[in-house]
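My structure is below; once you've seen it, I'll send some questions.
A, B, C and D label the chains in the order they appear, each numbered from 1.
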Amino acid sequence: MPGSVFGQEFRITTFGESHGGAVGVIIEGVTPGMELSEKLIQKDMDRRRPGQSDVSTPRQESDMIHIMSGVFHGKTTGTPLMMMVQNRDARPISYDKIKDIFRPGHADFAYERKYGYRDYRGGGRSSGRETAARVAAGAVAKMILKQENIKITAYVKRGAGIECENIDFDEIEKNIVRAADAEAAKKIIEKIVAARTEGNSVGGIVECVVSGVPAGLGEPVFDKLDADIAKAIISLGAVKGIEFGAGFAAADMTGKENNDEITSAGFLSNNAGGITGGISTGQDIIFRIAVKPTPSISLSQKTIDTNGNDAECQTFGRHDPCIFARIVPVVEAMTAIVLADHLKRQKALLV
Amino acid sequence: MPGSVFGQEFRITTFGESHGGAVGVIIEGVTPGMELSEKLIQKDMDRRRPGQSDVSTPRQESDMIHIMSGVFHGKTTGTPLMMMVQNRDARPISYDKIKDIFRPGHADFAYERKYGYRDYRGGGRSSGRETAARVAAGAVAKMILKQENIKITAYVKRGAGIECENIDFDEIEKNIVRAADAEAAKKIIEKIVAARTEGNSVGGIVECVVSGVPAGLGEPVFDKLDADIAKAIISLGAVKGIEFGAGFAAADMTGKENNDEITSAGFLSNNAGGITGGISTGQDIIFRIAVKPTPSISLSQKTIDTNGNDAECQTFGRHDPCIFARIVPVVEAMTAIVLADHLKRQKALLV
Amino acid sequence: MPGSVFGQEFRITTFGESHGGAVGVIIEGVTPGMELSEKLIQKDMDRRRPGQSDVSTPRQESDMIHIMSGVFHGKTTGTPLMMMVQNRDARPISYDKIKDIFRPGHADFAYERKYGYRDYRGGGRSSGRETAARVAAGAVAKMILKQENIKITAYVKRGAGIECENIDFDEIEKNIVRAADAEAAKKIIEKIVAARTEGNSVGGIVECVVSGVPAGLGEPVFDKLDADIAKAIISLGAVKGIEFGAGFAAADMTGKENNDEITSAGFLSNNAGGITGGISTGQDIIFRIAVKPTPSISLSQKTIDTNGNDAECQTFGRHDPCIFARIVPVVEAMTAIVLADHLKRQKALLV
Amino acid sequence: MPGSVFGQEFRITTFGESHGGAVGVIIEGVTPGMELSEKLIQKDMDRRRPGQSDVSTPRQESDMIHIMSGVFHGKTTGTPLMMMVQNRDARPISYDKIKDIFRPGHADFAYERKYGYRDYRGGGRSSGRETAARVAAGAVAKMILKQENIKITAYVKRGAGIECENIDFDEIEKNIVRAADAEAAKKIIEKIVAARTEGNSVGGIVECVVSGVPAGLGEPVFDKLDADIAKAIISLGAVKGIEFGAGFAAADMTGKENNDEITSAGFLSNNAGGITGGISTGQDIIFRIAVKPTPSISLSQKTIDTNGNDAECQTFGRHDPCIFARIVPVVEAMTAIVLADHLKRQKALLV
């Protein structure tokens, strides 16, 4: 099977390239009768869109969302909800330089090998622009979760080597890198600016906390809740790793240290990250992801052209000096989609 | 949808609990006409089975595989291949102590909340015994991969805090912990024995390297090759994290450092772990996973009973002091299943 | 994807050939906490099994069902329920005559072309024996439907050219052909005996009525309730057609004649067969299917051998002179599986 | 799972209502590198669109197709292909009369029961307008089939009680009802005009013949080729039955009469309709479907309003007096989608 469908009972199918007509999504399984408007969706779209701040690409896209089906008189009908964003700031001419070479760190080479033919403009389907569709779908998923008081908060935990020491959710949207620590945010921004100045880019770590998840979500033995979150998150182009709860640190622990003891007042720790046996326990779900530095840099790099000959790559143009800041709403969106799906699946089981 | 089906074109459905009649798997999409015997499957089963060494549970199960369908006169027919292993060393009486309490670090609590009713013997469906079915399926997947010269090697990279410094594939099956470094293996075993003596357990890190993968496998934007591997691996009960290539270290790199430059002679590095944009590049696929310490320990722990009252948990009985050694063939199996599936999916795309 | 998985939230995966080790099914999505025993399943198995009467094959199979997982202390756990029936009365020697030829009306030729290799004993996977797994799964689905007061009744409407004029549900299980009319049953049996005597076989029509279905089941625009029933039923080897409500007769009607008018007291007719727009209306669901005559006959027929040379086929052996009588419980089973699935899917939608 | 996804390797997801912003489809699994333009798709769109002739609704929709993704420089990229048609001739005001009543023969009542909230304009998602997306997807599927010399021809076999006695494929597109017999066509048109004049409508039978299908397509035991075609076709709102080959007539045959004998020169008959055991045999695939009369008629009918009170329904407005003529390209489209999917699935099996 091809791979642009995700989820089961809350199911999304996405389409669109960086420079085609539009990017968008069909969502199925939307609970009927919910209030929904383009305005409600746009809020999350604006958190992801390019050009929103100094540390994101200057590409100008308003990312205006259009609802094309599934809503009638301001309410969801339960039938497929199609939303899309038209591509406007497309400048195909600027891609002539790179149409015959493979940019290091990008998917150009792999796409060529897979499909034998590719839309080289802005990476085509492999562009981060594809995530606009995910964010739109996530906004709908969040509405379903809100009815159950489930709340998802993602933020930058570490950026350009700077760690957020004091996590404060109120700080996240107050700084342009979405770091959960005001002091760290300043230093991270400095590092990003420095990297951009020299034509380079930086990576970071994003953490996500989900509160209010009822115990019992997740479908062993393959569609476990953590397995589905891992797939959802690793499917984001820039993510190179994910860990739940204690994560890689658990590898150095003993069973006595790692086990979360339970008392009548609740769990005494959360090394499991809110999931055991692939099923939510009712504790907060916590995971962290490694976000690689933006592959598009203007420093010179070795590469080959489409004929296999040695070449040089220097991608001028409009690029984000980091991905971790703009990926935050996308991480929330993918998490919301997984949770909405599993909420519905659990209802189906208990019929 | 329930969650015991995995894969698309090479698709497995598993069943079985720790102490029910049997655990097993139906495999669909088996290429017809391949030579297959129980003996060929048994080899991998023996690498996973309990009681194989000093650092595994003394539970005695021969894990003898039985082929029930899909093979005729020693060759696969292309129709569903069912294989199963009967449960023999079941001692239900030994579970009376824990039937009314939730063992910390186990899925007991989450299963109770999800299903409202559970088979408490040995963890029921959440038992690691379920992975016997995965290993059997993986052995079949490996036969398909072998035809394409794809080879999967997993090993312990770090155990009980001891790192393997010199990776040597030839060492892996020569020591009982499957460490890729003979020196490290000795120290790891010492640590395990010490932990077991005090009724405790230890965790570790397993690394997996896949060579010979053709470029072009993976189905963007959700069924990316790394996303599907991540799901497959995180669906293993003891795994708390996964990272590809440079992994979490990439978060602290710059784009210039992290990008894998390309020359006419090949890639100059492999920070991507053999996958870009979710598609294999032809380089080795490399990933590492965090394996938590066995939750079953005999040290006393706080817990609650099924009525929510405070209780004490002390799980005597036959348990592995570490999971990382026995999980190695399971990691290979899940990786093989994902790759066989994606090989077939790529053929379907290019019709 | 291969094709031995059916359903979404109530999902079955089947395996097994006519003469392999066993035929069976893994069922997922079984509501946890339901009472379930082999005895309850066996009842439906006995209605399908060979050797049950004068008009079925004398092949002796007790078709004893074994539950291998998913049930604990007499109740379903919600985890995969595996059930199987071992093949006992296998006489491979009797298939030597037909291993090199393709029996007309059978799937031999098509299987050879598809897989390039086949288990010729009794048709292998294409054998009607495969339906034992469906009946076992259907028995579980019926338990879920029973909780909602949904009742499925299938019966022979026409056999060997004889029509049941007065449908009486009480007659169905009183005669060995499961005709819903005692008078017709006698004549049908006479016709069958006559056909068998001359080495021939006969076909018929089975009707199925489902009462108690709540309005609202079915998932437009592809997984409509009638579309899913059609797929489920046409997937039975001997079925060559299906029609809902007025069916083919609707083709000759006008809109005024065919439309089912509605009053505050209910619908005035049921030409739709209980489904409009692919969604149940709350009326009885009614459909009819065409069951072809058994292809195994002992009269001589022209065929070719596996080398493509002309040959003669005369299949002696133990065969049913009609399929329509034994297919009745299978039709009920497949209908039950579709309905249990859609009940669960509707719950998921309305979260 | 919701139901607007169809197919596996050639997979479509559709959206859109009669009077929303647009109807359209995302197609995945499109073979990369094929030439594709809106012009090529438009040809089939025009065969389905309203207002094309005297016997179709006068609703004016140009049904201009727009490709939004998946095509670059006139060739398919292998990534999701999104196509849509905007709704233009929407006159919501004309639906005020029927917003509070359920039209007999329509899905209004069932949709209300299922979703609890509905877009009543033109039937919303249950409108035949939804099939525009299917036809667009079918046009792409046909391109894949063309490469394999597979040809699909559907036509009216019987309309308003008039049978086509002499099937001539060349006649089909020469008459506005797509009857395969010029003489019959004239009579059918007369009958339609008479029905329309009195505010009534008529039904018919469509036959479909597929030539050039290689032997071996179809995935037992559930995704059999005939089972998947049956689902695809019954998922069309107006279809009440389907039969393959001899179909319902086989119910009255003996095995000797029904079996298709084989000789070294080929099959001697085609009662199976080109499929045995759910797998194509290489013979023509033949099936017939029952198309009900258009439910929208202007004659008065009894119904209830949304409060359950008795009411009268008289649907003035722009309606087709028959569905069978315009459904012909839709039947071809759904058949093409199933075959393209199974072609790809067979390639995956044989890796």
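Here is the rule we go by: contacts are C-beta pairs under 8 Å (C-beta built on N, C-alpha and C of every residue); 3 or more make two chains touch, one makes a residue touch a chain.
Owing to the predicted nature of the structure, the values given are computational and were not obtained by experimental measurement.
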item: Contact-pair overlap exceeding half with A-C, pair selected from B-D, C-D or A-D; value: B-D
item: B-C against A-B, pair bridged by the larger set of C-beta contacts; value: A-B
item: For chain A paired with chain B, centre-to-centre distance based on mean C-alpha positions, whole Å; value: 26
item: Chain centre separation (chain B, chain C; CA means) in Å; value: 38
item: For chain D, residues contacting two or more additional chains; value: 1-5, 8-9, 14, 29, 32, 78-79, 114-116, 125, 220, 345, 348-350
item: Partner chain D, residues of chain A touching it in the complex; value: 1-5, 8-9, 11, 13-17, 20-24, 26, 28-29, 32-33, 66-72, 75-82, 84, 114-119, 121, 124-125
item: Residue ranges of chain C touching chain A (in the complex, touch as defined); value: 1, 8-9, 29, 31-32, 78-79, 144, 220, 343-345, 347-351
item: Chain C-touching residues of chain D, taken from the complex the two chains share; value: 1-6, 8-9, 14, 102, 104-107, 109-111, 113-116, 123, 125-126, 130, 158, 160-161, 195, 200-205, 215-224, 226-228, 230-232, 234-235, 237, 240-264, 268, 272-273, 275-282, 290-297, 299, 301-304, 308-310, 345-346, 348-350
